[in-house]
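Below you'll find a set of structures to go through.
Here chain A shows up in two complexes: once beside chain B, once beside chain C.
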Partner chain A sequence: MRLLTSISVTALLVASSGTSFAADDMASNMTLVSWGGAYQASQTAAYAEPYKKMHPDVTITWDESSNEAVAKLRAMNEANNVTWDLVDVVAADALRLCDEGLAMEIDPDEMLEAAPDGTSAEDDFGDLLVSDCFIPQIVYSTTFGYRTDMVPEGVSAPDDICDVFDVETYPGKRSLEKRPINNMEWALLCDGVAKDDVYDVLATPEGQQQALDKLATIKDDVIWWSAGADTPQLLADGEVFMGSTYNGRLFSAIVEQDQPIAMLWDAQVFDLDGWIIPAGLPEDRLARVKDFLRFATDTQRLADQAKYISYGPARASSAPLVGKHAELGIDMAPHMPTDPKNSKNTFLYNYEFWADYRDDIDAKFQAWLAQ
Partner chain B sequence: MNELIVNIKRPNLLTFTMPIVAVLGAMFGFVTGNIFGDPFIGAVGGAVVGAVLALALAKIVSIKRWKKIWGVAVVFAVVAALFGGVGGFLGGFVVGLSMGWFATWVGTGKYRAGVPIYYTPGQVLWHCTFLFICAFVFFFLIAPLIPVVWLSFNAENFFTFTPEMLSFKSAGYSLKHYRDFLGTDEWMVPLKNSLIIAPIATLISVSLGTLAAIGLSQSHVPGRQVMMAILISPMIVPLIISATGMFFFYAPLGNWLQLNLGLNQAFVGYVKVILAHAVLGIPFVIITVTATLVGFDSSLTRAAANMGADPVTTFFRVQMPLILPGVISGGLFAFITSFDEVVVVLFVGSARQQTLPWQMYTGLREQISPTILAAATILVSVSILLLATVELLRRRSERLRGMSPG
Partner chain C sequence: MSDTTQELVLAADGRPLKQSLRRALLRQKLRALMLIAPLLIFVVVTFIVPIFSMLFRSVENEIVPDTLPGVTQALADWDSSTGELPNDDVFRHLYIDMFKASEAKTHTRLGSRLNYEMTGLSSLFRTTGRGLDDIGEEWQDPLEDIDPNFKDGAFWYEMMSGTDGEDLLEERRDLFATMVGESMDGDVGFIPSMQIAEMLPWTTRAYTDFAIWTAIDDEDVVAEEDPWESVYGALGMDLTNPDSVAAIQSYSGFGADALKAAVANVDQLPQTTFRAEFGKENEDWLSPEVWSTIQLYSSRMTPGYFLNAVDMQLTPDGIAEKPENQQIYKQLFMRTLVMALIITASCVVLGYPVAWLLANLPMRTASLLMILVLLPFWTSLLVRTSAWKVLLQQQGVINEILVWLGFVNDADRLILMNNATGTIIAMTHILLPFMILPLYSVMKTIQPSYLRAAKSLGATNWTAFWRVYFPQSVPGIGAGSILVFILAIGYYITPEIVGGTSGVFISNRIAYHISSSLNWGLAAALGSILLVVVLGLYWCYDRIVGIDNVKLGG
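Let's turn to the complex of A and B:
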């Protein structure tokens, strides 16, 4: 009996700690899903903390599950138990979730703030609204970083994407992402395929084989990564000479952690990251999410985020507001993937292509990896 | 045993001691050479140093053995410090200590001390090899913890031994990962969740598991083998399977609790995770309690009944105190199962029930931050303290009851 009482007392304590309803029919708790690390820290600093200051009664819970957001959201939906309120995903995942009806369709002009000069949200985001469910936050790029102290003597530092495939001039391990996306494109580019033809070639079985054959020339020198934090760690350890990862992770290793690493930038692949709202949220939670979303995606907030991480804001009106790093005081613009000096040769990730071919090429790539 | 040592004659210096110590020297030399880029020269140099050391130690008879060993360690440390600074000093000290100990151990014939005098060389060799294997097993169990603890004081945000760390400069060390662990919600909330979930889940597993074990130990219960198998199945079924099943089982249950009883989402989340963890802990309790019940004399319960005690009184006054050690160790297992569990909580829990292992798992995957190492160090220290306390208390109570002389 004593046992039962103690359990129920604890239970009541736990229950009461979470029940403080907001005055305006909005839920008082929000679960945001993001990527962890420096990126989530930038979101916390730029949107979540200021929002909490305005609404002290709201608690925000973060879940670092963006990596498996699609699978988890499917399972939650099936079990009719969606615990997430706002999910940060890459554009490709947003397209899939939208197609499957797991993400709510949004009307940008109605739900999002207009730019300060009156431009409507739809025009402000422009082409970056790649899906009806997707509210882009940032433009990031996947690119290479290399150890400056491991460049062989008498050789100039790598500045060409094809230096990744040149193990004779630049000996040492490379780290590449353990999936075909980006790697196949880079391989074709360095195998003599013109930039405009890459996806046409990659659509054919011969082209896919050609890309894999090119990758095979460096397979023995590759360490495959699956989390964005792997490459910075490998570079910091000196275990690899060069490696691909998201440009913000490299920025943090170079500027904040002071590692002897430099960026390659050549043939960087642009991609988008942003929010989706899970479909079918109860009304009070949806109201809270909409309120937060309107705040978190306005022009100033997106520009603020660039104070903490080197990703380009998705609104055109935010770009001129990008200033200096919040703690180090350095100019952020030269570290942005969209900076003219960095974006001399860029590559735009082709969503439609990968939506159509992903499963097929994935299977081939995994089989090739296992060989 | 001590008398035996006197009778052991010293082994031949040239054909036995020097080659063996040289081999150890070569091993250390190989490792050292590797650091400086040439393992082969290191190995040869190490072998020469080993042989000379064995010779020198054998020729000096006037000094006591342990003085010799410390002397060797200091000489090695000073020489290594000339090349490698403070790091070299420590490394040289450890190498010198092991070499000195080994050289005198082999050279004075001490290695035969623990074995009967009639053993053949082969048997002696096996005896020593066995001791070394045991030492290595301990070493490899403990060794992985050392870099974890060491790196947790890293001043950088990577799992990397920086040159400053290796030369023991204070710039290479900081407590910032401990501040991150203790000072941020990111880690304190999961810790709080773990401390809510694990004890309650343990209480449930212990109560249910003990009752089940007592019931199942009665010979008249029909189909008890089958029941036992079912109750133990969470331990045998792969965790990922149970987790998937539990996810789909608890989701509608949670929805029902929320909609019909009006309980809030966070509370229902805790209930789900606690129940799921209790299920995982029950098999451990059943197994340990069943094992203790084998030694329980059931005539005691009949005697208690004979004196007018009802079954509940009998249980709490007679049976429970006797099987308590089994219950407690079962409870410890259940607690650790819940406290260490990451798969089920990832499925059943939501972000508000994020436990410490969950946070460590995502942290390791998404940001490889040494804060995880700080958390690990703290957890290891706490478990060592807990185990030591439990062991001390146990010894104390045994001493009080006069059960052991120590």
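Let's turn to the complex of A and C:
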């Protein structure tokens, strides 16, 4: 393993020496924006540290502001003082940033490394390039976890999304995110709407009311969360029986903290997280960011990230390279949302739909919550 | 007073005393002003100006007329109540404006803005932006077949160029600059010809836009670049106008042959309207509702955000209430006010005895107590709120103890958080020092001898307290209440963490609109209303209690 690593590092050094002539024109520091926590740690370990080894003179500063990246970038842009160089955002935010002209457009084939077998970057990322400004890193999913010790006796463990809405068989509190996205889809699915029709139904006022009515059947049993850490904490404290959150959070509660929690993968909603480059960077900083980005989004780096966190790499070519957890030594593949066993029934976040309907449905959802 | 020519009193330097005094006073005032000037400038620049520029967003709506200048003008005459679509002229302006906007990537920004008013406009603008080239190519391909010269950027440049169209250029340049929000100054290397501009008005507009963008933003030479597809579309527009056709027939300048060939073969050009073309791109363009929304929001200032903030909306028929299932803000404002009052009241009830103890205990014990009051005050807000979460949740410390003591059945534990109760408990605790400290500083100044005097004159303990002590402590209650109430009304983090759905405040919605939905206009409107409400309450308070009766310190 050591030998392999050193060989690959040497190979990288050789490869990078070809481009290092441009180093003079590149800024020597970079501000990366991410989410903090385990996710940022995985990025540091997989991309930032190796990059710093190759370029010891570069300083990388992290800013844990991805949560409010859209608002902050807009404010920076209005003040004409963008201090960030590369920003990690979820795809929906990338779409908005692109719409608002706050993110730079990307030409994947020109700016990103091709796959080792020669597949162009654009084909390697495929459908996951949901916006012109977005370079996806990982596929994560919003899904349910439940406490294994709270399953009533004589009842099989929940394995269907509609078990969330079945408070008679599975009594106990649920935690759901305090926003309409995902909840409305799940509610419709469990109210007899076919998977392919969900968004058509949700586009109509009647469909929105139908979803809210379905949610109303469990409203008294729901604790609404707004931070990704809430559900794992609520599950760990036994406050709720089941709850939705990002699969990586549940992974660390189950595997790293050994809590009596299990996954309910059914109808998990896939979403993407990735980089955007803020619009209007000066040339030297842009050159540095491009250099880093090319490295950080290549096939090996994306596969490396999966050693530290249970999110699937966004490149098709990275999937076979996913190995074991860096510290625990367990196989990561079965914990990936994209694993065939886990992804029997999945949903892909519909970005265009929510870009249009978000404000409208959110107003109704919040009014419904306040009732 | 017999002498009418009164003699002036002179100062030592021989000037009139009055003048000399005034000058000295002025100098003093100036010196005082200079002393506070750094602070004043700091406060104005970093506080007042940003706040007002933020609040101004609640009425500002320039993005619509700036991005679609032609459309908003042409739309002014359209009567939305007829239920008919605007005429093709509006769609032509839409094409020219949108093409320009999509080159500068501002059309999606406008889409997001209008999506707040009508769901679906965001994707309407985004998808249409991608299809604009196709519309232009409908004309480009046949025009290039009719005369291959139309393929040539240099030919177009030569044909459109003149010497007398400076004004037109500057007009288009200004429109561009206001749209992108930055200066478009610089040498374009192209001046439109007025003769062509009169003959081919649409084409000249489109080509001038193209020239400005190419020269200033792309930093290319206009003559070497192929024109935008919109220029061909615009030529198509001109060729349907009989005046333009007549002018072309008698035109003999550069490119006359090509233009005449186009006129002669006009039947090869698409026989369609821009309205139909936009309808092909996205049928929502054929919905009068879309157009009435654009028309409603085409002015530079709009009351729309404020109406939204009180659950109303702008409709073609005037101002109307929002549908009931979308009303939320009035309820939130009321809840915020009521809960802030409850929190203030509980702070008074809990804080008063503590402040009394602080003021009356011996020095040593009082200091210890003071530290106990201040210790949580020095702890991070998030830590304190999270601690409340641990205490209040259903499997939390309080419920566990109650169950263990047998006061509460295990099956129905108390719901103490994720509702209004949680917010009130946690915020009362967090804001308590702001009540205790002013109370304490006022009580410290009340002479204990007054109470003793009252008692020695025969008052009971209660009478002595109520008639003698309490009235003297009222200024402290006033100060504490103002502090706590104003802090509570804008509180955000604690309700967010322990408030669930029924314990959140209006500030949580403001935060949502600032950071998530990016509807800063609505956030600013909500914030302005909150500010006005607080100022109004302050005014009432001044009238009833009197602000002079408030003491923040001894």
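Following the convention adopted for this analysis, the second predicted complex is superposed on the first by the 348 of 371 C-alpha atoms of A that agree within 3 Å, B and C clash if a C-alpha of one lies under 4 Å from a C-alpha of the other, contacts with A are read in each partner's own complex, and residues count from 1 in each chain.
One rule holds for everything that comes next: contacts are C-beta pairs under 8 Å (C-beta built on N, C-alpha and C of every residue); 3 or more make two chains touch, one makes a residue touch a chain.
What you see is a predicted model, and the numbers here were worked out from it, not measured in a lab.
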Does the superposition put A:Thr148 against chain B (first), chain C (second), both, or neither?
-> neither
Taking the superposition as given, does A:Ser120 touch the first partner, chain B, the second, chain C, both, or neither?
-> neither
Pick one for A:Asp237: touches chain B only (first), chain C only (second), both, or neither.
-> both
Considering only touches as defined above, state whether A:Thr169 meets chain B (first), chain C (second), both or neither.
-> neither
Return first, second, both or neither, reflecting whether A:Asn345 touches chain B, chain C, both chains, or no partner chain.
-> neither
Answer with first, second, both or neither: which of chain B and chain C does A:Ala79 touch in the superposed model?
-> first
Could you look at A:Lys178 and tell me whether it touches chain B, chain C, both or neither (first, second, both, neither)?
-> second
Contact residues of chain A, present in both the chain B and the chain C interface = 67, 237
Name, in rising order, each residue of chain A that touches chain C in their complex.
-> 67-68, 70-71, 74, 96, 98-101, 173, 178, 209, 223-224, 226, 237-239, 352, 355-360, 362-364, 366-370
Report the residues of chain B in contact with chain A in the complex, numbered from low to high.
-> 156-160, 186, 196, 200, 203-204, 207, 247-248, 251-252, 254-255, 263-267, 269-271, 350-352, 354, 362-363, 365-369
Touching residues (chain side chain C, partner chain A) in the complex = 105-106, 108-109, 111-112, 115-116, 119-123, 126, 325-328, 331-332, 393-396, 418, 496, 500-502, 509, 514-519
Of all residues in chain A, those that touch chain B in their complex = 3, 6-7, 10-11, 14-15, 17-19, 29, 31, 33, 35-38, 61-65, 67, 75, 78-81, 83-84, 227-230, 232-233, 236-237, 256-257, 259
